[in-house]
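These notes are about the structure you will find just below.
Naming follows writing order (A, B, C and D), and every chain is counted from residue 1.
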Amino acid sequence: MCGLFGIYGNKTSANITYLGLYALQHRGQESAGIVVSDEKEFKFHKGMGLVSDVFSQEKLNSLTGNIAIGHLRYSTTGASVIENAQPFVANFSSGQIAIAHNGNLTNTKFLREKLESDGSIFQTTMDSEIIIHLISKSKKNNLIEKIIDSLNQVRGAYSLLFLVKDKIIAVRDPNGFRPLWLGKLNDSIVFASETCAFDIIQAEAIRELEPGEIVVVDKSGLNSIKPFKKNKNSFCIFEHIYFARPDSNIFGGSVYFTRKQLGRNLAKEHPVDADIVLPIPDSGNYAALGFSEESKIPFEIGIIRNHYIGRTFIQPFQSSRELGVKLKLNPVKELLKGKKIVIVEDSIVRGTTSRLRVNTLRKAGAKEIHMRVSCPPIKFPCHYGIDFPTKEELVASNHSIEEIANLIGVDSLKYLSLEGLLDSMPVLGENFCTACFDGNYPVEIYD
Amino acid sequence: MCGLFGIYGNKTSANITYLGLYALQHRGQESAGIVVSDEKEFKFHKGMGLVSDVFSQEKLNSLTGNIAIGHLRYSTTGASVIENAQPFVANFSSGQIAIAHNGNLTNTKFLREKLESDGSIFQTTMDSEIIIHLISKSKKNNLIEKIIDSLNQVRGAYSLLFLVKDKIIAVRDPNGFRPLWLGKLNDSIVFASETCAFDIIQAEAIRELEPGEIVVVDKSGLNSIKPFKKNKNSFCIFEHIYFARPDSNIFGGSVYFTRKQLGRNLAKEHPVDADIVLPIPDSGNYAALGFSEESKIPFEIGIIRNHYIGRTFIQPFQSSRELGVKLKLNPVKELLKGKKIVIVEDSIVRGTTSRLRVNTLRKAGAKEIHMRVSCPPIKFPCHYGIDFPTKEELVASNHSIEEIANLIGVDSLKYLSLEGLLDSMPVLGENFCTACFDGNYPVEIYD
Amino acid sequence: MCGLFGIYGNKTSANITYLGLYALQHRGQESAGIVVSDEKEFKFHKGMGLVSDVFSQEKLNSLTGNIAIGHLRYSTTGASVIENAQPFVANFSSGQIAIAHNGNLTNTKFLREKLESDGSIFQTTMDSEIIIHLISKSKKNNLIEKIIDSLNQVRGAYSLLFLVKDKIIAVRDPNGFRPLWLGKLNDSIVFASETCAFDIIQAEAIRELEPGEIVVVDKSGLNSIKPFKKNKNSFCIFEHIYFARPDSNIFGGSVYFTRKQLGRNLAKEHPVDADIVLPIPDSGNYAALGFSEESKIPFEIGIIRNHYIGRTFIQPFQSSRELGVKLKLNPVKELLKGKKIVIVEDSIVRGTTSRLRVNTLRKAGAKEIHMRVSCPPIKFPCHYGIDFPTKEELVASNHSIEEIANLIGVDSLKYLSLEGLLDSMPVLGENFCTACFDGNYPVEIYD
Amino acid sequence: MCGLFGIYGNKTSANITYLGLYALQHRGQESAGIVVSDEKEFKFHKGMGLVSDVFSQEKLNSLTGNIAIGHLRYSTTGASVIENAQPFVANFSSGQIAIAHNGNLTNTKFLREKLESDGSIFQTTMDSEIIIHLISKSKKNNLIEKIIDSLNQVRGAYSLLFLVKDKIIAVRDPNGFRPLWLGKLNDSIVFASETCAFDIIQAEAIRELEPGEIVVVDKSGLNSIKPFKKNKNSFCIFEHIYFARPDSNIFGGSVYFTRKQLGRNLAKEHPVDADIVLPIPDSGNYAALGFSEESKIPFEIGIIRNHYIGRTFIQPFQSSRELGVKLKLNPVKELLKGKKIVIVEDSIVRGTTSRLRVNTLRKAGAKEIHMRVSCPPIKFPCHYGIDFPTKEELVASNHSIEEIANLIGVDSLKYLSLEGLLDSMPVLGENFCTACFDGNYPVEIYD
């Protein structure tokens, strides 16, 4: 996954982009980058790590210009190397261009081979470089047409921000897999993956880009076009379940409300006789709260996060995953001793982390441990940008729920149904991609 | 404030001390240090910053030895310089000695002037150096007697860990201001400021040191002596209100339970007509939960923490404190719009942060904002180790509660009473120091 | 300018390349890079600064493979950014390719515009990227043919090392502007810009590549081809005057001997009545020695280099260039007091440094200062790789020798004649490019 | 060895001290430190490494004050740790004091044990800390008397700079082992180990402190006292042979002239039939020049220094000392082939480096290699500050000259006689300590 931010028409564009990326840090911790244009030329800086590690105030001050785009990269497939940090910047016949991309294309292998056989050279393994090559090779007359021409050749998921000398071009793919918002900060136009980035800079959220929409901002103002053939909407449902921040609105509604509703539906579908409901902080907080409200079982924040864990990966000790889990989360023993507890997880991927957590809770004295998961079993990999592992590693792909319960070591394990999931969403269920649960991939996988 | 950890009799003593300090990181973020002894000589490393920044695995590997003590320093009075990082290590006639200190002495000025007039030289501004000088100058026959002789001359708050070639000596002052625990990890003896440090290394908590107790661990085993005149107990009540981790037990009971009880008592004392209860995460979580349970007003985790904020101080932007608050905590607007809300704070010191938070909630659409504080107004500075500012800066020292409510911008503001506070504690209220609320300082302030 | 090193067939190829670059450090201090191939794929590392700053032993150990090429970049035209560090690495239809380039092309603008209009995108401002694009676009059947096809389109100066999966291809342009040597280290084949890089690794220097020669090394051994139309030789005479190390052989002879002969010829052409001959260390040492031998005026190493100056640029103080000069070189006052001195400079570019040095010598007490320069006045910029400034900044381009003497503040100033210069060279003068002195550019400047 | 610099009465005292230390860098590369006083309090910074690595302009700017002292530490005995970096700074009854020390005391063990038994604690293993303890314990009435009282108790070699709030106190021990100069920079008073530090800041050298002299500089001006019993002078002769910079004056004369005279005397004592004289650059340059002038054998700078070697210790490769030597110095093969050469070394300590160099010259083709050493055989360790190894490691302590010649691999080896050495000095030979050659230690070694 990745995070995008852009701003047009602000003297402190690099500073504001830094703040926007800061609020979107959960969308990608591998690398961060900002490109600015002063309407003459680009300046940019990229680096590995968190946005706060990559940028110093001195560095930001050197990025002068009134148009900027920024990117956060998540450690997905592809080497974790500085060359792959975005935005990708290149020169072509029309001058400089930068691209920031959220999502995964599904026909990159085909396109890359075609381009290479035609004499193109590549410096990265990123989808984004392919898009720029296609633009550069397009015979269309102007940049927007070239972009449309290029995107007509790619398949898959893409929310994009392009920067050229004097404009930002924002694009959301025809299925709308990934979110992309348009906002306003005084006289400036802003773009961001989620609305929480607008809150931090006190910008006003105007609306999400529509699937298939292209928005161009330049001196002449804001122009929207919809040049692509209309597809079925395929919003990524996992953004609402886990990925997006709870204080964001995406795909038509509040993530916080969605998650509480997931918990309520889960309690309705799978009631349990227990003394307390425990969330796995912080991602499980909201569903657990909904579960508690619906079930009337008291809610206790009985697993304590180490506030400082985030600061560093304790590399030396990660060999022991159990220690890693313990460093992050420690249960309040007094609370658990002899109790029947329900823990609410947002999802189970490999199952290994859940097993370690359950083991810790058991050692802390819990008498019965019931796990409730606020989505259905994840059985299929994602080809549109979520970093799930292969089917072999997805525990629900090869095990029955009962087997998983045994593996994890819980007294009972229940998943929310697909109906219960879709019912919790802010818009009709048919708008969402649920491929990770049911294997129905809305866009063909060519590679 | 500061954090202490020690271990006797373990080949990986530096690694375990690192983990112990990691769990105690909330007690001090300014500097970290570890000293180990292989029963022949010391090796040590200290640095500014978090324990995870100061120590690499390589550095830990170089600290070979089976006895270790570690220290975390909080940015209190005294220059924030590497010289003041602890443990303080020195040579004297009996060989090497290291000291780690939690608490503040109240007659340092007197002692230092006396020592200097007698020809002593000082390299730091720390209390701890004074204690070592007194030990070195003592005419007593052995180290333990020298330590007792030295501590008989100091006044104030001190939990101490001494390391010499072949032993650890742990001390808690006669009033017991600061916590200090004794535990067991297989065949090793461990010490820590809070029990959460034992959880992380899967050690067993045996008991708290008693006020005035000295515990010596060496080849001959564990010996306890109580050489000091018995004082009244003066446990720091603010440890339970705010400072300690909720998953720790200190001063006779679970911090988590205490904080929930504070919230219940607060709800009983100061009921309010509201739609939702909001904690200030994470420190206000537990009292808010208690408040919600008692008042039946729904609990909502509607202020979202940025998980990555901890990683870096956003120095460049701290001029704008408002931005700083916003970067850390962002409210869920949809939840607040048009609502009457209660926010539960653990304490108000200067009032500035509360004002900014309230302002943010107001902008997010809250109709009424009622603040409930889970302790009485803080009117007096602490001389025993908590880093409160001077009376001039303590808002409750110069303003009525009504004035504070106006400053902060809330519709109502209520504090928990001293009785309600003491009633929530795990042991009788008379065992606690409440000087910050009532000005009754249990140990004289000489400086 | 730049430095090249390559090795084929050695398990420690990265380590040896590091050492080779170390010996060539004088050819480029801006950036350093090494690419290795294990005959399957590349690993590489590049960074700003000296080779010893860019590479740690750990980094070198990670560069496993038995074929390697390395590059040092001098701060010439083009931004000093990490993107421009070489070797340039790219993927194209035939796999991975890396290029290291010493020299400047003279038709890059034309080629780049052509490539861009044809849809190519560029990520750097380096000549080298153009060459790779041309190779990738070539319709020829194999890599060597593609390389020849590509180089037939470029004009200017280039010594090149290409690395592909299983071979190194070394090229020297038809005019032979820049040096490039072939050597042998046990069973490995090595390439380097100068022979001093062979000495450090105890390799044997076999021969210089001939102008227009391509040498391919792979499993089948060493193959040489000469596919280009024969041009007149145009060896860079400034390599012998200043750039190359005195312990290297290039263009047919020892640089040390050449420089001593320059000094002898200078003494013959421009005798002077003086007490001592002083070199500007270390570059002026050899000509000064020759001057002293011919003139019988005693040689004194009376200007002392600070051995540590190289370690860091004293940025803070560089505003004061005078201080910069003083930090580097300090005269022995006792030696100069009341003396008539001759100082031998290798060349004068802007004249500013000479002026400062003369001023320092004057303050140290010298009675008369005569400057002798071991080459003719530099009047024309170099388009083939030496980083001279524009004509406006070349002092000899706009001033008579008398005016320069006044600017610099010497009692007399004499330059070696072009005849005296050519006479000192190890091969016939007609083999050299002397464009910086006479403006006769042997290859057309298209850009 | 160590380097000292101090300045009184200059607003940019830290900057000037930085430059002074820069010029003295050859006297110590292990650590660097600067302490400044603004006549109220101290600010200081110390670090491991070169002065240019330890100090940034930002760091220097933070060191505001008009009085400063600085120190460079050489890696001698005692751990190479930051705690041992100087100046040593402490507080005592009269306020803050800092000390910078060049030389070694010879009764530290005795003094330290006495102080510890009296209750003093130590934080370093430096002589300097002992001096400060003695000052702090002195019962004398004022600081100067306390310093005299303290120094009356120490034995050995010391040039010292003390800094207190409002003054600098400079001291040279009664034997005058180490140099210490007094100078003037406009209205400021400066101190430095060597005059080359004055040149860099364009200060005027006034005079060397006399052995046993104390100079105090404060608001009242400059005061000199000579409170110690007069001893015989014992100037360190090795400063002239090797340690000091050739552009410095110390112990009454120019180091450059001394070294040339050493070479002349060497040529007179030990003539040789040879084709060329080669110096080991740069330290052997001056004696080799003198040797050439006297012997009429041509001087050739035929061993080339890598200018960049200084920047980093090539740790990874130091296992191979031969490589280390080669990286630093490379001979010009063309010059040596078939020649009879004389190489002039300043001194032979262990003999290992000489052996490697000779081996390199032999491989480069030299027919005969004759080594001439510009001092007598070093047979005895130094207890006054030069970092010679023990007798076991001093090759001349256990081997005849013939044996050394064999070990090193030269065709002949000759040392300058003690008479020839003393004859070259700028003042009468009886003023020098020659203990390393003859074992006559002028001050008793107590430890």
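In this section, a contact is a pair of C-beta atoms (placed from the backbone, for glycine too) under 8 Å apart; a residue touches a chain by one contact, two chains touch by 3 or more.
Model, not experiment: these values are computed from the prediction.
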Worksheet item: Can you list every chain in contact with both chain A and chain D?
Response: B, C
Practice prompt. Nearest 5 degrees is plenty: how much rotation brings the CA atoms of chain B onto those of chain C?
Written response: 180
Discussion item. Which chain has its C-alpha centroid farthest away from the centroid of chain A?
Written reply: D
Discussion item. What's the distance between the Cα centroids of chain B and chain C, rounded to whole Å?
Written reply: 62
Response to the item:
Per the C-alpha means, the centres of chain A and chain B lie apart by a whole-Å value of 37
Worksheet item: Roughly how many whole angstrom separate the Cα centroids of chain B and chain D?
Response: 50
Practice prompt. Going through chain C residue by residue, note those that touch at least 2 other chains and give them in order.
Written response: none
Discussion item. Under the stated touch criterion, can you name all the chain pairs that qualify?
Written reply: A-B, A-C, B-D, C-D
Practice prompt. State the interface residues of chain B toward chain D in the complex, per the touch definition above.
Written response: 89-93, 113, 116-117, 119-123, 132-133, 136-138
Worksheet entry | Residues on chain B engaged by chain A in the complex (per definition of touch) | 15, 19, 22-23, 25-26, 29, 50, 52-53, 56-57, 60, 196, 199-200, 202, 245-247, 249, 254, 256-257, 282, 285-286, 289, 293, 298-302, 304-308, 310-312, 314-317, 323, 326-327, 330-335
